[in-house]
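Next come two complexes, and both contain chain A; in the first it sits with chain B, in the second with chain C.
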Partner chain A sequence: MWKSILYKEWLKIRWFAFIYAALGILVVGNIFLKVQHDFEFSQAENYWYSILFQGNQFYEYSLFKFVPLLGALVIALAQYFPETVNKRIKLTFHLPLNENKALLAMMLFGAFCLLAIAAVLVVLFTGLSGMYFPSEIIQSALISVAPWFLCGFTVYFLTALIVLEPVWKYRFLYLLVAATLVPIYLQTAAARAYSPALPLLIVFTVLLSVALLFSGYRFRKGEM
Partner chain B sequence: MVKISRYILVFTAIIGLSVVLPQFYRMAFEKPTKTPLIQYSCIDHDFMIFRPDADDKWTNREGTKLTREAYEKKLPLMYTRQLVMDGTMPDSINGQKINIQHTGIFRSIFRITPDEIHAPKPKLYPLFESKSGRANLEMPGDFFRITWRMEFIDAKSNKILEEKSRMFSAVLYNRGFKFPAKSINGIPTTRKSCDEGYLVIDSANQLFHVKMAKGVPFVRKVDLPGEMKFKTIQCVDFSDQLYYAYLFTENNELYVLTPYDYMLEKFEVDDINPDEYEIRIYGDYFNFNVITIGSGFIRTQVLNRDHNKVDEYTETRPTYQSSSEGKLAQFLFPAELKITDDKSSFVNFFLTVSQSYWWLIFSLVLIAGQYFIIRLQKKKSEPKLLT
Partner chain C sequence: MNVIECKNLTHYYGKKLVYEKLSFNVKEGSILGLLGKNGTGKTTTINILNGFLHPQNGECLIYGENTQNLSPQNKARIGFLIEGHVQYAFMNIHQIEKFYSKFYPKWDNAPYWQLMSKLQVSPKQKIATMSCGQRSQVALGLILAQDPDLLILDDFSMGLDPGYRRLFIDYLREYAKEKNKTIFTTSHIIQDMERLIDDLLIMDFNRVLAQRDVKSFMQEFKQFYLELDDPSVDISNEDFVINSEKVSNKLELYTYESEDTILNFLKNNGIAHKNFRQVKMGLEDAFIGLTGKY
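Up next is the complex of A and B:
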């Protein structure tokens, strides 16, 4: 039964997951195409200097900041919007399974897909960075991009919450909460500036993962 | 589990709104306050104050109103160009004949703010050739780190330069340097008059001067009195070349490090806390003006060129909390959660709790209002019996 539920989730999101992964790989590739070009044209030492002392954040190129957010939004919509059409999610709730566990399994599957794509992108990013930069610059870059990927997870959990919520008034209120929370992950800051905030941001993101249960509960209750 | 998810939603909403609502309120109602410029006059031996947003812009310490021209005449070493243009630059000050070119050499401006102290620091630095024989400094092709040894990394190949790393590490080790470095302080730019390398604090809180001269390491240990620890070391490149750096200690004292003899000379000033206050140091031919600007005050301590205190002046300033809009904010919000702070370049959760308890009244009014709304809604939804 569980396998079938996960397979159903996979069928819903697979193309969107592939598109997100492909877009992410293209963006990372484009970033390092630019790095390679700048290395050639402005000399390696000047390029390092611009990163270390002049605030050049090479990883911000190609709007990389918004790629995890967009990917998560698309995957969450692909996964949960079909469930609201004709209230199909109720079919899942009628299965001989614990309803909360079924919802959590759906959410964990989506989150796992996001995590897998994030891992691919981070490994690719780190590997390519290693060709041009020493560990200090790579570490700074990874700390700086970490909130963007956490933002992706937050957007995924909040989108699931909003899409599954049956009452429009509540949807709007959740949207307001999302609008206050998401910018916290996307502040313009110096490299490594996010390092003290990262542990708390991780806690928030993990906590938000169970928020979806509340919408599921209201759906089951038949709130209109 | 469903209950937990509900609490999490409420908690998330509280976090998000405590960031956004006070921020929107500030953007809508906060008014800017401009910092006055307080300078010591070498003519009157008194403080001259310029308040940009006051009706009487230029005054002295007693509040006597001055014209702009009179104000500038009291500070000839600050407004030299204007006075020369007007033909009112004095020939001598305090009985000393003034040579404009010569006095200009002693003019220095330094400024540091808490957000520069609390900021992510780079972990790699370029080590310039300090005796290249060239007029301009050139960017080296490698950068160094000081971890378990001093390592130079070639930027082009991204590989460690073993020979150079071993040479510098060995000299540091022989001079008693305890790896790794706690802080590396210098002016890592080619846009300076000359290179004096870096002042490095090692893991045993010892201070070293490290530079490269004709391709070989120059390492000199600086003798520190007692267990001196530094909040920050700010290297300077002033035209008089009298100091390597301003050194701010953990107990809020200020020192300068002199070149050649490596003497630590104390500035006779107190409460110099760069963690909390903006520090400005204006030097001229006669005096140093050491200015600390904190929340609600500005203080100028004046020293002579021997670093002894001559005079000081403190003035209070209005703060956001003391303003009417700040008081209303304390009535509306129990706390303010900020993601960025004026005193830090890091992104973090900065919580400021309201200093008064007026917000309790407002919250109680809101709770009562909500209670009546819920009661009204319940009454409306009660089924009416048909009689």
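Up next is the complex of A and C:
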């Protein structure tokens, strides 16, 4: 039964997941094309000098900044919007499953896809970085991009909450909350600046993961 | 044995009362049609039965369980058709059969594929691109394959042309009677119900107008036509008059009383008339007679 739920979710998001993964890979490729270019034309010594002594001007991984956010938004919309057309979520709630568990299975599948794509991108990014930079710089870069990937998960969980919410007034309210929360992950900051805040952001993001249960409960209660 | 038991249901939308203390039962093996004009609470009742709405008061039980907390085992016994034959439109007919088959222990795909073979759809065609009639057959096929003990059908005739409606009803009735299934259904096309249902529940705004088996209702509820000599005579407030429609001196009278009782009343009260006759009614005529045209 649970495999069937995952099958349904996969049918909804598969093309969007591929597009997100492909976009991410293109962005990583683009970052390292630029690194390669700078190494060739600025000389490696100058490039290193600029990274180490000129105010943390790391390589252009900031291209990553909005990619997880956009990917998560598209996947969440692809997954949850079809459930709201003609109140199709009724079909899912009518399946012989606990309603909350069904919603959690949907959420876990979407989050797992985001995680899998993030893992592919991070592995690719780390591997290519290893060809040019020492581990200290790579570590700093990974800590710097971590909030952006976390932001993707936050956007995914908030989009699920908003899309499944049956009342427009509340959707608008949640949208305002999202507009306040999401920029926290995307502040312009020096490399590793998010390091002390990361554990807290991770806890906060994980807590948000169950927010869609509230919208599901409100729908089943008959809010309209 | 009652499959559905609803007791003292009361519900409001804001301050608007939908109904108060509505109670009804559906017996095992019967087909009950919930009839009513738009806004009388048909979909509200369906939503309460499916656990998508908490009534302000009262409760509904299906197989003894409150519908607000149906167990997965009981949900597997209920086939649910959403108004407009809504299904997962992003799937094709193979994908949707594969999806649902894993949920239901009694799944039998033979009736589903039998219905699908009659549709002019390609195997990979998404349900979203099918006509309303084709979608209705997909939804019906899935319910038949599920082999539920209780079918809850919300306005199954919506958007269907007469051919598909007839196909849907004939399939459904034969299936239900052959396998002793219980059906709770609504439809805004009353003629369809006449071919399908055993019992009816007719709702009006805030109240139940009739709750009984169709056969006895059609025998006892009558329409009389007469032409009054004096068009100003008004008998609409008499106890035996359930409803009346008067145009000029032509009076249509709806009542549970016999022809003799009406004739005696007219005679005893000196109401002169002509062309008195009983009019044969179908279920739709009776429904309009009971609920009024407006």
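Structural remarks
Basically, the second predicted complex is superposed on the first by the 215 of 224 C-alpha atoms of A that agree within 3 Å, B and C clash if a C-alpha of one lies under 4 Å from a C-alpha of the other, contacts with A are read in each partner's own complex, and residues count from 1 in each chain.
One rule holds for everything that comes next: a contact is a pair of C-beta atoms (placed from the backbone, for glycine too) under 8 Å apart; a residue touches a chain by one contact, two chains touch by 3 or more.
Just so it is clear, the structure is predicted and the values come from calculations on it, not from any experiment.
Taking chain A as the reference, the larger set of touched residues comes from B, when chain B and chain C are compared. After overlaying the two complexes on the shared chain, residue contacts for A:96 are found with chain C alone; chain B is out of touch.
In the superposition on chain A, contact of A:192 is made with chain B only, not with chain C.
Once the two complexes are laid over each other on the shared chain, residue contacts for A:12 go to chain C alone; chain B is not touched. By the touch criterion defined above, A:184 reaches chain B but does not reach chain C.
In the superposed pair of complexes, A:167 makes contact with neither chain B nor chain C.
With both structures placed on the common chain, the touch criterion links A:4 to chain C but leaves chain B unconnected. When the two structures are aligned on the shared chain, A:203 is found in touch with neither chain B nor chain C.
Remark: chain B residues 1-2, 4-6, 8-9, 11-13, 15-17, 19-20, 119-120, 122-126, 139-143, 145, 153, 155-156, 158, 188-189, 339-340, 345-349 touch chain A in the complex. Chain C meets chain A in the complex at residues 47, 50-54, 72-73, 75-76, 78, 80, 82, 84, 86-91, 95, 98-100, 102-104. Those residues of chain A whose C-beta lies close enough to touch chain C in the complex are 1, 3-4, 7-8, 11-12, 82, 85-88, 90-91, 93-98, 219-222.
Those residues of chain A that touch chain B in the shared complex are 43-49, 52-53, 100, 130-134, 136-137, 140, 147, 161, 174, 177, 179-181, 184, 187, 189-197, 200, 204, 207-208, 210-214, 217.
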